[in-house]
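Order as written gives the chain letters A, B, C and D; numbering starts at 1 within each chain.
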Amino acid sequence: MNVLEQGHGKLFMDPDPDNAREFFRKKKRKMDNKVMDLKTAVEKFVNDGDYLAIGGFGANRTPVSACHEIVRQGRKNMGFAGHTSTHDMEILSAGKVYNRIDVAYVVGLEARGLSTCSRQYLESGHVEITEWSNYSLTARLKAAAMGVPYIPVRNLMGTDTLKYSAAKIADCPFTGKKLTLMPALYPDIAIIHVHEADIYGNARFKGIAVSDIDLANAAKRVIITTERLISHDEITRDPSSTRIPYYVVDAVCEEPFGAYPGTMPYEYFSDEEHLKEWLEVEKDSEKFQVFLKKNIYDCKDHEEYISRNGGAKKRRELRAKEMLL
Amino acid sequence: MNVLEQGHGKLFMDPDPDNAREFFRKKKRKMDNKVMDLKTAVEKFVNDGDYLAIGGFGANRTPVSACHEIVRQGRKNMGFAGHTSTHDMEILSAGKVYNRIDVAYVVGLEARGLSTCSRQYLESGHVEITEWSNYSLTARLKAAAMGVPYIPVRNLMGTDTLKYSAAKIADCPFTGKKLTLMPALYPDIAIIHVHEADIYGNARFKGIAVSDIDLANAAKRVIITTERLISHDEITRDPSSTRIPYYVVDAVCEEPFGAYPGTMPYEYFSDEEHLKEWLEVEKDSEKFQVFLKKNIYDCKDHEEYISRNGGAKKRRELRAKEMLL
Amino acid sequence: MTEYSAIEMMICVAARELENGSTVGVGTGAPCAAAMLAQKTTAKDLSILFEAGGISPQLPEMPISVGDSRTFYKAAMAGSMGDTMEACSRGFVDYTFLGGAQIDKYGNLNSTIIGKEHRHPKVRLPGSGGANDFASFCWRTMIMTVQDKRRFVEKLDFMTTPGWINGDDSREKSGLPLNTGPYKIITNLALMDFEPKSKRMRVISIHPGYTFNDVQDNCGFELLCAETAEKTHPPSMGELKILREEVDPYRYVIGR
Amino acid sequence: MTEYSAIEMMICVAARELENGSTVGVGTGAPCAAAMLAQKTTAKDLSILFEAGGISPQLPEMPISVGDSRTFYKAAMAGSMGDTMEACSRGFVDYTFLGGAQIDKYGNLNSTIIGKEHRHPKVRLPGSGGANDFASFCWRTMIMTVQDKRRFVEKLDFMTTPGWINGDDSREKSGLPLNTGPYKIITNLALMDFEPKSKRMRVISIHPGYTFNDVQDNCGFELLCAETAEKTHPPSMGELKILREEVDPYRYVIGR
């Protein structure tokens, strides 16, 4: 295949589907009870140096409680898929958890502004950065989910984003057109927050899927955090609603309000005041350390974090806001 | 790109995404009322010579009433995607509707046996045949849905199926591995049967999707036949359930029991006696013409077909069978 | 001793090959009966995938189509063809069960045409369906078929689905996923595997009442015979009871 | 005459550019306000797509994230990023609205870094997000941005998102989908398009109170000026009323 042009960004993960297949071959297919507490799940399945991908969309259906736990346990030298990462990245940057990142959308919290902490960490030079776009990372996950080493896409061409990516441009043997080939991305570990899952990991969610179905399939290991556990009978009663099948899942953790302070569709809206507090306090690194101690390091779990930020009253407010009451 | 090997089967449809884009650019995006009777929809959107793809899986959630209407209106010289085609193909073969076919699964009705009519038509030499596999055609539709000219897959290699396909084998610039490139398939017309749709074409179904979501997106024109029309409010109340968005749809036809004598999941099971009758009567071409006259040519619509084959009583039986009552 | 038919024998032998806690992509008919029997005997935690999208159903009866509603009855997931085939392609599916109108000594299969001319065949058959996909992607392909010289041929009229292709390392070189390929052949006469180096079909167990000569006489190519070739255990009373009463009470498959 | 702010002017001008019955891929902020205003004025049947998967919502208020629950409130479909981006890639999406920290005379955008060294930038920005995808796939890219010399530059520090690349036929030659590219630029001073041959930015309408010299003085590269350049119609009372009372009553965008 004639490569016409290629990015000189680093390809952090092996796109070889045969290597991934050897891993998946050994993965257990039995419907075992995979319920465990989040601390145990992170201890067991999230390792220093692993490449991590977070489900949802920045601060929407995002496994925030798992991000806190990763920081609390002090994971380091991870790779990270900066795929529409906003508040999740802000937390992981606070813990300096990663040292290499595939960037699609980082640093910002969309309309809310930029995270000083994330920015400074990326500007420090301590992080290896490869550039992509959102759909490029989606396509890379799709390629991995399909068990092929790449998928062609018609973006990135002509830009510096391509030059700093690890994509390659080659011509199409059917049409002669140039195509950008996106190498498969098999993350070591994915964490995805859902509305409902059974004890085996069959999971369902409502609202937009973002890239979570391909992400769940592409990742070597998957932790599901769920608002609620439901019975397996409920899953089998309506198998059309299952979005993630049990056999890709390694751990199921029941984490009500697990996306707080982000939005969980049909459940609760984001806590904009608290997100603003994050962005504000980051500007002063001493204050920020006190804030992190209070909100992450000194919290034994997500429930304690929420109770330190308004507890049941806040939960009711955010639920009302989500419902447009 | 170095092509290492290629099938010498004919590529019936243009895989160029820019040509498809020019078509889709002109397609109306407005939420218009697209409800019409099936006769009108077939007159308007199914032309002699078009390349046709049928949704569902052979005799499962298959738009049988539309297949009858196509035969009744005497369409000819069509291309056909023989993608898990069973009873649908049997009907279209009876009408000698197509003269070229992409074959993945044809002629058979799975465990029920082979269709003499389909077999003889394919053996006659009047039909141009290109060979594929089921997933190859799925991947071809996926490529079209993604707006790219091909998708790589790791099948067909080493076989005659490849030689009689229009796929190409090329090496992967990331891994050096051989990959089979599946050219995008943009059918001229797709017909898909669903449980529920609104007047604009937002459609939903329960149970397996087969390849219908990619098919709906890949096709230049789409006719939805639906067991029931539902209100647009019901669609917007639960947008997570929409599988096919309105903007790809050209016509919506309310066709209760439209998959009869096939299965419609959660609604009715297949009429195995009647399907057996089809297979049996085909063996005698004179009897078959009488049968076709009775069941297709002399029926003004699908309701008449069903009433000639058991009517309400049969409908109740098939519903009970589906429900395992 | 219990009476049993050839097809019952095949189904029981096939069922025993399926490891507990594994995944299998199957079609309708005998392979599905074998998978169902395995679930009710030695492989309770066997997960069945159908190509049309049914994933881990609790089959209430034999499906008549790999896409009918039984294939996702009480399933873990009613997905798509992409969902099933992507799982296979990623390496999540351990076994598949296939058949064909012709098979050669390397386990390659023909289900496309009988005759030499593609445009004017003697008999047009269904084509690959999902067979080429399953045989390309799943780790171990198992083949169930009645054995005779018309079916077990020196040269296929058309190679629809890859086995070991031309033997030796030709499959690996073809570009198909590594470490995949035909694993066992289950016929009415014997159980066979493939000699590891040449990849030629080899008898490893002969069913009761038959000799190696019977097996060879019903085969159009030269078979190898393992030194350790044994006599196949006949279906047990327990296997037959479950097969006849629970798996296929209406004798859709075993009554053929 | 009615008072209005620069951002109100931009939103009203942008809204007028959206054809009724078309589709637009937008983000949060001013572009979303423009799309919502268009729906309530001249483009009732405008369909909005968000990159995270929200398709044709009936927005109850300004979303704060392109993936929050408002982006699929009473939507036709709550899909995936794949669903939205595939629709764009297939040619189903007419417009997109983008912004950036820097823009050059060909409408290329930078939202990645300020500074020359990628590993040690002066300022790290969010990167492409969905901008490169939208600008590659959608038929017409519209850009809304406040205009000054730091933003409108001769040379970008980093080309995140393609406009007309190096002008002339360079975009076409790059391999991007044919007949796509930047269409209009809406700033606080003027409305611009691109001269068809050279693809250089060209002023076609100047907002009330400004001259071409003002527009040029706030631009780091030489602007073309259309012979037919007109004066932009200021926001009407009706537009402002709807924008202030219905689109953005909490002044999330217009209050900035």
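Just so it is clear, a residue touches a chain if its C-beta (ideal position, glycine included) is under 8 Å from a C-beta of that chain, and two chains touch if they have at least 3 such contacts.
Fair warning: this is a prediction, and the values are worked out from it, not measured in the lab.
Chemist: With one step meaning two chains touch, work out the least steps from chain A to chain D.
Modeler: Shortest path length, in steps: 1.
Chemist: Could you compare the number of C-beta pairs in contact for A-C with that for B-C and name the larger?
Modeler: Result of the comparison of A-C and B-C: B-C.
Chemist: So how far apart, in whole Å, are chain A and chain C when each is placed at the average of its C-alpha atoms?
Modeler: 40
Chemist: Distance-wise, how many Å sit between the C-alpha centres of chain B and chain C, to the nearest whole number?
Modeler: Taking the average C-alpha coordinate of chain B and of chain C, the gap between them is 28 Å.
Chemist: Hey, how far is the Cα centre of chain A from the one of chain B, in Å?
Modeler: 37
Chemist: List the centre-to-centre spacing of chain C and chain D in whole Å, with centres computed as mean CA coordinates.
Modeler: Taking the average C-alpha coordinate of chain C and of chain D, the gap between them is 57 Å.
Chemist: I need the residues of chain A touching at least two other chains; which ones are they?
Modeler: Correct list: 17-18, 146-148, 153-154, 177, 179, 206-207, 239-240.
Chemist: Counting only residues that touch at least two other chains, what does the list for chain C look like?
Modeler: Residues 72, 78-79, 82, 89, 137, 177 of chain C each touch two or more of the other chains.
Chemist: Testing understanding: with touching defined as stated, what is the shape of the graph linking the protein chains, line, ring, star, complete or other?
Modeler: other
Chemist: What chain pairs are in touch here?
Modeler: A-B, A-C, A-D, B-C, B-D
Chemist: Can you list the residues on chain B that touch chain A in the complex?
Modeler: Checking each residue of chain B against chain A gives 1-3, 11, 15-18, 146-154, 168, 170-175, 177, 179, 181, 183, 206-207, 240.
Chemist: Note which residues of chain D are touching chain B in the complex, please.
Modeler: Within the complex, chain D contacts chain B at residues 20-23, 45, 47, 55-58, 72, 74-79, 82-83, 86-92, 94, 137, 139, 177-179.
Chemist: Could you pull out which chain D residues touch chain A in their complex?
Modeler: Touch list, chain D to chain A: 27-29, 51-54, 60, 64-69, 71-72, 78-82, 85, 89, 108, 112, 118-133, 136-137, 156, 158-162, 165, 170-171, 174-177, 252.
Chemist: Show me the residue ranges of chain A that touch chain D in the complex, using the header's touch definition.
Modeler: Chain A reaches chain D through residues 56-61, 82, 84, 86, 103-108, 110-112, 114, 119, 122-123, 125, 129, 131-136, 138, 142, 153-161, 164, 169, 177-180, 206-214, 263, 265-266, 269-270, 272, 322, 324.
Chemist: State the interface residues of chain B toward chain D in the complex, per the touch definition above.
Modeler: Contact set of chain B toward chain D: 17-18, 20-25, 27-31, 144-148, 200, 202, 217, 235-237, 239-240, 242, 245-248.
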